[in-house]
Amino acid sequence: MLHRYPKRVAVIMLVLLATVATFPLWGPTVFGSQSDFMLEKLTLMVILALFAMSLDLLVGIVGLVSLGHALFFGLGAYTLALASPDFDAASMWWMLPLVMLVSAVAALVVGLLVIRTKGIFFIMTTLAFGQMLYYLISTAPFAGGTDGVFIMFRPSVNVGETPLLDMNDPHTFFYFCLGVLVAGFLFLRWLTRSYFGQVLDGIHDNEHRMQALGYATNGYKLVAFVIAGVLAAIAGMLAAMQYGFANPAQLGWHTSGEVLMMLILGGMGTIFGPILGAFAYEILLYAYEHLTLHWPILMGLTIIAAVLVLPRGIAGVITDPPWQRKVSSAEGEEAPDDRVAARPATQSKEG
Amino acid sequence: MDLAFFGVQLLNGLQYGLLLFLIASGLTLIFGIMGIINLAHGAMYMIGAYLVWDLTMRLGNFWLAIVIAIPIAVALGLVIERLFLDTLYKRDHLYQVLLTFGLILVINEAQRIIWGGDVHSVAIPAPFDASLQLTDNLQYSVYRLFVMGVCLALAGVIYWVIRHTRLGIIIRAGAVNRDMVEGLGINVRTLFTLIFSVGVALTAFAGMIAAPLTSITPGMGDSILITCFVVVVIGGIGSIKGAFWGAILIGMAETFGSVLIPSIASMVIYLIMAAVLLVKPRGLFA
Amino acid sequence: MSQEPILYTQGLTRRFGGLVAVSDVDFDVRPGEIHAILGPNGAGKSTLINLLSGEIPPSEGEVLFHGKPIQGKSVRQIARMGIGRSHQKTNIFPRLTCLQNCELAARIHMGGVFGSWRSRQRAREVGERALEVLEICQLVQRAYTPAADMSYGEQRQLQIAMVLATAPTLMLLDEPMAGMGRDETVQVTELLESLTDRYTLVLIEHDMDSVFRLADRITVMVDGCVLESGPTDQIRASEKVRDVYLGRHHEEATA
Amino acid sequence: MKNFKKTALASVLGTATLMSAFGAMADNHPVKVGLMLPYSGTYTALGEAITNGLKLAIEQNGGQLGGRDVEYVQLDSEANPSKAPQNMSRLVKGDGVDFVIGPVHSGVAMGMLRVAKQSGAITIIPNAGLEAATNQLCMPNVFRTSFSMWQNSFPMGKVAYERGHREVVTITWDYAGGKEDVAGFKEAFEAEGGEIVEEILVPFPSTEFQSYLTQIASIDPDAVYTFFAGGGGVSFVRDYAAAGLKESIPLLGSGFLTEGNIAALDGAGEGVLTTMHYAETLDSEANRSFVSAYQDAYGVAPDTYSVQGYDTGAMLVQALEAVGGNTEDRDALIEALAQVELESPRGLMSFSNSHHPIQNVYLREIRDGQHEVVGTAVEQLEVPDDACQM
């Protein structure tokens, strides 16, 4: 059944979680002097995983291919940067809601415009809106321009005056991000299995049919767009917190492209896939950069290969391993792709 | 703003717009018929510029360089279509986006390995290396006029093909409803290969004739790509007419916007796009 | 039959680029009847249905449902007005179970998604409604099978079930038996027959036997135009139809 | 040919390190130099020039720093600011380098410096000209061997006025670097009594200049001051000439307008005046030998970027000599770096309290495709760094 996966998925994800969560215990012995850096890298992966997951709601679940998702990532970062006081730590208790509010409003406005468009149009308009905010930020005097801005203090999590979490401690911050990721995952898992999720699946498989049934599909898409935007903004805020730095490049369309790559690597429409994808992408990048200065070629070829050979990503391999394809109900798995295949045609009919 | 100034700006806007049209036309063709979104479009523009620079260096003749470069561009389009896109038509746009994004990385890096990271330029070729005196202190390169002429001519040709040939009927039908094309009993495979090669060639050609007017740098295609998207979105998908007027509109908007409202010059085209989408979500001419 | 038609069209025309798919068609459906549309491939049958269900706007002419033009209304508004349709391509949600498909159809006509979210009561009603239509379409035993894993015939039936679940006053069925085996065809024919007393149907179908068995009236289309329209017997008798349509139909069959 | 020479150099380097490795004492582990420069994308040429210069300087010192071998860790900054912190962090914490050399791009510099502040890693900026780096941000562990936007443009203000220009239009990209550069010119020019009649900002990185040239023509000022770099610089100078403005309205600029790209101008740049802390034609022993050495090693003529790389290398050489190759005592090392004085190809060069170079800025005119030195605009110019006194 849809959004229900074989036991081994749960097992793999839990093992991964356990491995990641216990890094501070085994990290130093494995990486020695490098373990601090590795923890940092791991934290980044966790944040990117959240970002990728938020995009999966749009691309994988609803079937809206956004090439401007970095807009919200950057928005989260800049909301933090601009709202933080200069010589004092902001409080997470109001910073997080603020980031969510700002991004929700932005997603609503942008969404109202882009949701009306379809297929390729949606891709291009989201891209263009991303660029619009990119230029707005990089030319706005208050936002530090193209050089970007520093965030000197990470928001604090206090109860009254007593600090609950010391966000400046890399371990605490790491666990905080991990916590947010898990929460986000559980939320999306619940959402995709709800009635609302069913409608989104319906829209993905055949939006036209949904309208013929009487669904106001745009409304549902807009809600999904806003949710995805807010989650992305939270990821952006965490990313800005990690290094205390926000820059317009975070809003650029290359960032949007990269997160799409994570999606394809991990396997979209599965919610857990993008998490694997984010980790895989970062590890590959790290390896390639060590390998050669011409790493973009390797990365480019990897993506092309993924698209051609492994369109359903790592998740696809796990849920439906090549070595037992015959056993598993092939059409049951393939049919959705055929639906998707049929989609562009229908869209161009409408578009 | 006196009249002469206004007139010259009009000319600038028109010239820029026409060039934009040439670059965007290939994009919109490929969208319209094949439903393929090609992010590597800008990279093709860059390739065109580098090709013509390289060949001009070797052969010492710009025109000869173009003549040789065009078939190369067509071949490139053909290879890409057969090698990569072939499998994608039946798949979601996402895969097209990703694959062509991957292509950008590969092509840009390949360019760097082949031609290096230096900035290059192509001299304005004879017989157009003269210039006209527009105002008492401002001259205008004849070559720019030539480029305008070429763009207009090509626009005319494309328009004629669309209006008055069987291919044109197919293209128009395809833009409305791709299933019809299959219905018309046409070898879609060949059609797609043709369209894609032509689209790539158009873009590369734009890069070639633009080369003497700009500087040839790595990644020069990336920024133009986004502008082209805006043009296509405004004009309406698959509509050559839309691409034309969209390009002119953007050309004018950037020209006058940069002078009259410099504070938001960088965003003006996106604002226009947003406005158009509010009124007509499928673009002006869809 | 002198009743007010529940749906009729005037000079309905649709062009794609240069090609005319439907030209100047006057067409009407009376309450409670089964009105079949016959015609060779490319005669514009599906285009006509798409025009009736408002999925594509006409180039000229208009469609009136209960006397009100559907022009400018969105597909979903028209669906809410009570026009349910099934498509020629099997058009279900393959990743959802048979039951979920019907629930999806029923829910929107019973207070919507968020309604079901709020009250267990509503959710139950939706489930019952869904089971009901599965009952009618003899799919209950498949309720929990993913649609994609069902046989082609079952998928076609599910599609009809979904249309039923939306409780329409007019059903537009585009070749419900396309590509079906004999027994399946018979099965669906029976199913449709069982609906006649409760629903008004517009039916595109190639299968002669079923059409002549089911239809009260038949409209024959050729090259986008109405060749002849009238009671079943009249059409069965018509020379014109036999030559132009049945003739061609034969070639197709033998080709 | 170029490649052959590259390989030649490589082999020389290889043998040199090899020999020194044999003659090395037990505890001699190499000095790790991290390079965080653009090796892909628009700024590639700059990244390579800087790398070449740096390696040349160290190579001329027997491939050693303070008697220790050198290990390079090269990381592509992608000129992508949003990745700067993690890249920097990789070099410092991951690869554990002793120095970070970089970057080219000011935005990337901001990201690096954020990490430099947290980690205290010794960072030498071989190009990026953002003022904040050696002023507001003020870190003892950060040095710069290049310039600040202000330092290159300020001198032109005086020059412009002395050449009789009273009303000037400035035009640059609407981004931090461009604005800082123009601000420097404006400060000096207005102090002399000149007037900026129009400040044009072009969306970054647009190179579509026609409408602005038309605007300039209609304003018809005494001169135009501009900052563009890379392809933008080439485009602007060529379009400016093509529009026939160069004859009637002299074009002044910061050196970056034409630096490194003079070949691409093919004549359009003749007569353009720029101010810069270096010119390949500088008539000094240091420069002549540098140019020839660079030519031999890489088969191409050096430019300012190569020099900045070269001086960065020379700086390391000198400082590590002073501390006997000991990179453990960071304070001593920073002190030694701050004390460095170079007989650079660009002339005498030392460091201010804010670790910014005190250097000559030359007035250069393009003649027959070369930056001819017309004179020294300002001797040993020190940048304003009140916010940073170390």
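Each chain carries a letter (A, B, C and D) given by its place in the written order, and its residues are counted from 1.
FYI, a residue touches a chain if its C-beta (ideal position, glycine included) is under 8 Å from a C-beta of that chain, and two chains touch if they have at least 3 such contacts.
Since the model is a prediction, treat every value here as computed from it, not as a measurement.
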*Identify the chains in contact with chain B as well as chain C, in label order.*
A
*Could you tell me which pair, B-D or A-D, is linked by more C-beta pairs in contact?*
B-D
*How many Å are there between the centre of chain B and the centre of chain D, using C-alpha atoms for each centre?*
35
*Report, in whole Å, the distance between the mean C-alpha point of chain C and the mean C-alpha point of chain D.*
73
*Report, in whole Å, the distance between the mean C-alpha point of chain A and the mean C-alpha point of chain C.*
41
*Numbers and ranges of chain A residues touching at least 2 other chains*: 135, 139, 294, 296, 349
*At which residue positions does chain D touch at least two other chains?*
40, 174, 203-204
*Sort out which chains touch which and give me every pair.*
A-B, A-C, A-D, B-C, B-D
*chain D-facing residues of chain A, complex*: 33-34, 36-38, 40-41, 44, 135, 138-139, 144-148, 150, 242-245, 247-250, 252, 254-255, 286, 289, 293-296
*Using the touch definition up top, name the residues of chain B that touch chain D in the complex.*
1-2, 4-5, 8-9, 12-13, 15-16, 108-109, 112, 116-121, 123-124, 131, 133, 135, 137-141, 213-220, 223, 254-256, 258-259, 262, 265-266
_In the complex with chain B, residue positions of chain A that touch it_ = 59, 63, 65, 67, 113-114, 116-117, 119-121, 123-125, 127-129, 131-132, 135-136, 139, 253, 257, 260-261, 263-264, 268, 294, 296-297, 299-304, 306-308, 311, 337, 340-341, 343-345, 347-349, 351
*Quick one: in the complex, what on chain B touches chain A?*
31, 35, 37, 39, 84, 87-88, 90-95, 97-99, 101-106, 108-110, 112-113, 175-179, 226, 229-230, 232-233, 237, 266-267, 270-271, 273-274, 277-278, 281-283, 286
*Given the complex with chain A, which residues does chain D contribute to the contact?*
39-40, 74-76, 80-86, 89-90, 93-94, 96, 106-107, 109-111, 114-115, 118, 130, 132, 174-177, 179, 203-204
